[in-house]
Amino acid sequence: MGPLSILSEFPEWLNLLIALFIGIGFGFALEQAGFSSSRRLAGMFYGYDTTVLKVFFTAAIVALVGSQMLSFFGLLNLKLVYVNPYYMNATIIGGVIMGAGFIMGGYCPGTGISALSIGKIDAMIFLVGGLAGAFLFAETYPYIQEIFLGNYKGEMRIDEWMGVSTGVFTFILIVAAVFLFWLAELAEKKFSRPEITSEI
Amino acid sequence: MEKRKYMNPYVAGALLGLVLLSAMFLSGRGLGASGGIKYTMIAIVGAVDKDHAMESSYYSKYFENGESPLKNWLALEVFGMLLGGFISGAISQRLKFKVEKSPKITNRKRLLFAFLGGVFFVYGAQLARGCTSGAALSGMAVLSVAGFVTMIAIFGSAYLFAWFFRSLWI
Amino acid sequence: MKELKNLQYVFLFLIIIVVLVLVRSFNPNLFRQVPGTAVESAQNNSNSITLAQLESLKTQYLVINLGSGGKFDSIRIKNSINVPIENLLDKKNLTILNESKDEIILYSADVSTTAKAWVILNQLGIKKLFILAPEENSEAFIYIFQPDTTVRLENDSI
Amino acid sequence: MNTRIKFSILLIGVGIIMAFLPFNTARSFQLKPDELLSKTVSDDIYFSVDQVARFINNEDTTFQLIDVRSAEQFKVCNIPGSINIPFNDFSNPKWEIYLNQKGLKNIYYGNGDQKASYAWTISTGLNYGNNFVMKGGLNEWYKTVMLSQFEGENITPRENALFENRFNARKTFTQINSLPDSLKTHYFNAKHLQTSKLDGGCE
C-alpha cells in the first residue's frame, strides 16, 4: 500500500535513494522524448513540432489514470499524495512569466537539465540564468510576498470544483487530449519546416 | 554520425507518466526540477555568504536543521536527472558539446536569450511554486486546479509571446 | 481485420483492466460509502430511537442485540436476535442485515459498542439503521458548570 | 495504423472504464471492515477520566483532546487544552490536519460515549493514527474528577495520590473555564500544536 515512504516510514537515506532513481528515470524519459533540443521544444509554438503536447498530455494522463486505478484497488492512499496548493495570483502571474521565459530560452528547467546532460551549452547558460532567477526571487521575496501569498484557495481539486466525479473528469480530459493529438498532427503537416525538423 | 532517432512521443510520454506514477507511489509526491535549481542556488549562497543567508528570512529556513540544502529529495532527483539524461544520450549517441540555435542568429544572441529565458522561467517558477514538471505536470496528475492553471498560463503566454520572438527560432 | 490485429495488445490490456475492476467491484470486504454519510445520518441523534417510539412503531422491525457473554440481556426486547459484535460481519449475519427491508435497530448494554457498530454498518451501505437510545439521553450534560471567578491562576499552572 | 490512433483507442478505452468505475474508495474508510471490527472490540482504545486528569496535571504534550460537542457547549466549559471539532461538522476536510497525524494521541470526548465513539470509528476507519476515547465522557469527568470526595476514615497512599490528582485537575478545569473568553482563546492558542504537512511540489 502506497505511498510507500510515508506508510512504511522509510529512513531518510532510502527516500533520497528513491529520489535519485526517480530522477534517473525522469531524465532518461525527457531525453528520449527529444526534450533535450530547444528547437524541438520551440516547435510547439510555431507548429512545426508538437512533441511537447503529445508527451505532456500522455504523461499526465498515464499518471492520473494509474494513480486513480491504484487507489481503486486499494494500493495507493491518494490522501497522502501531495496536491499542489492553489494561490490564484501567484500561479497565474508566475505562469505568464514562465511562458515568456520558455519562448526566450527554449527550455523549461526540467528539459534544460536534460539538455545539459548531453552537452548543450545553451542549456548550461539557461540554467545559470535559472540560478540567477532563483537568486533574484529570494532577494525580492519581501517585496512580492503579497502576490506570493495572495488569494489562497487551498488544495483545490478540479473535479470537485467542476462538480463531476473523478472518473468522468478523467474521461473528458482524455477525449480532449485525443482531439488535441489529432489537431497537433494536422498542424505539424500544415506548418511543417523540413529544414528545421531534419536538423534536430 | 548516424541519424539520431528519438523515441515515439506517445511511448516516451507513457514512460514519463510511469516515472511520475512511481514517484507518487513510492514517495507520495510529484516530480520537480525548478526546486532542484533553487536548492543549488541556496547552497551556493550559503557557501559564499553564510551571514547573509542566516539573516534573510527567505534563506534561513533552509539552514535551520544544520544540514546541507542539497540533502533534499528534489536536489537528489535533479542529480539523478543529469545521470539519466547522460545515459539516454550515450545510448542514442547524442552526446556532443554544441550550441543549438537557428542558423539565422549568432551564438551570442542565442546564449543571451537562453540566459534571460532562464532568469524569467525560474523566477516565475518560484512564484508559482513549481515549473512545468513540478506544478503543471505533477499537478495535473493529481487533478489540482493549480496544475491546470499553471499549464494554461505557461502555454498561453508562450503562444502570446511567440510572435515577438519568432526570429529566434524560425 | 488487419487493423484489428494491430490493436490486439490494446484490447488485451483493456480486457484485463475490466476483469480486475469487476473482481474488485464484487468484493464484499470493502467500505464504499463516504464518512460524511455517517456524520449526516447521526446529526442531532436522528439515528436514535427510544423504547417508547419503538413500541408504537407500526411497521415491521428487526432488533439486533450486540451483547456477548456477560453483557447480554441488560434490556429484553421480544423478537430480538443476538449477534455478538465480534461476529457482526459474519457472512450469515451480513446477509440478514443486507436483505432486511424493515428498520434495523441495534442495541447493547454499552452505548459505545452500539455506536461503533452503527458506523461500521452505515459505511457498508446498510439502510434504515437505528440505535436504541438508552433510558436517558447519554449526550446531554447532566451537570452545570459554575464559574468561580475567585480562583486566580497561579503562575505555575499555565 | 500509427501510434497516435493506437494510443487514442487505448486511452479512450481506459477513460470509459474510469468513467464507469462503480465507486470511488479514495475518500471511504481505508481499513477493511473486518480489520476495523477487530479494533472496535479491543479494550485498549479507552482512557479513564483519571488518566486524562493525570495527562493534564503533567502537561503531557503527547496527546490532544478533541471535544466533539457543539460549539456552545464547548464554550461553557471544556477540559483544558482540548480543541473543539463538533461532531456535526466532523467530515469537514479542514479538521483533517488535526485528526490525521501520527505524533499525538487523539482522545475524543463528548458528554457521553456515543458521539465520541462515532468519531473514534470514523477516524480509525480512515486509518488516522492513535485514536482513543475518554470513557464516560464529560459526565463521567464531572462525576469523578469534579465532584467526588474522599469518604472514610483512613486514606491509603494510593487513594491519596488518586484524590490529589483529581483535585489538581479540578482546580485547572475551574480556573481555565472561569477565565473571560478572550483569555480562554489565548490559552488555547498557546496550547495549539503545529501539525506536519505533506511534502511535495517544487518547494
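Which chain is which? They are A, B, C and D, in the order written, and residues in each are numbered from 1.
To be clear about the criterion, a residue touches a chain if its C-beta (ideal position, glycine included) is under 8 Å from a C-beta of that chain, and two chains touch if they have at least 3 such contacts.
All of these numbers come straight from a predicted model, not from anything done at the bench.
*Asks:* Per the contact rule at the top, check every chain pair and give me the one with the most C-beta pairs in contact.
*Replies:* A-B
*Asks:* Counting in whole Å, what is the centre-to-centre distance of chain C and chain D, each centre being its mean C-alpha position?
*Replies:* Their C-alpha centroids are separated by 19 Å.
*Asks:* Report the inter-chain centroid distance for chain A and chain C in whole angstrom, where each centroid is the mean of the CA atoms.
*Replies:* 43
*Asks:* Quick check: how many Å separate the C-alpha centres of chain A and chain D?
*Replies:* Computed from C-alpha means, the inter-chain centre distance equals 38 Å.
*Asks:* Find the geometric centre of each of chain B and chain C from their Cα atoms only, then give the gap between the two centres in Å, rounded to an integer.
*Replies:* 50
*Asks:* Touching at least two other chains at once: which residues of chain D meet that condition?
*Replies:* Within chain D, the residues that touch at least two other chains are 4, 7, 14, 21, 25, 27, 198-201.
*Asks:* Out of chain C, which residues touch more than one other chain, so two or more?
*Replies:* Residues 17, 21, 30 of chain C each touch two or more of the other chains.
*Asks:* At least two other chains touched by the same residue of chain B: list those residues.
*Replies:* In chain B, residues 10, 14, 27-30, 33-34, 38, 73-74, 125, 129-131, 133-135, 138 touch at least two other chains, as defined above.
*Asks:* Can you work out from the touch definition every pair of chains that touches here?
*Replies:* Listed in label order, the chain pairs in contact are A-B, A-C, A-D, B-D, C-D.
*Asks:* Which bits of chain D are touching chain B when the two form their complex?
*Replies:* 3-4, 7, 198-203
*Asks:* Under the definition above, what is the set of chain D residues touching chain A in their complex?
*Replies:* Those residues of chain D that touch chain A are 4, 7-8, 11-12, 14-16, 18-21, 24-27, 30, 96, 100, 127, 198-201.
*Asks:* Please name which positions on chain D make contact with chain C in the complex.
*Replies:* Answer in residue numbers: 1, 6, 9-10, 13-14, 17, 21-23, 25, 27-29, 31-34, 36-37, 40-41, 69, 73, 76-77, 87-88, 90-91, 110-118, 120-122, 125-126, 133, 135, 137-139, 142-143, 146-147, 171-172, 174-175, 177-179, 187, 190.
*Asks:* Would you tell me which residues of chain A are touching chain C in their complex?
*Replies:* Per the stated touch rule, the residues are 69, 72-74.
*Asks:* Would you mind writing out the residues of chain C in touch with chain A in their complex?
*Replies:* Where chain C meets chain A, its residues are 17, 20-21, 24, 30.
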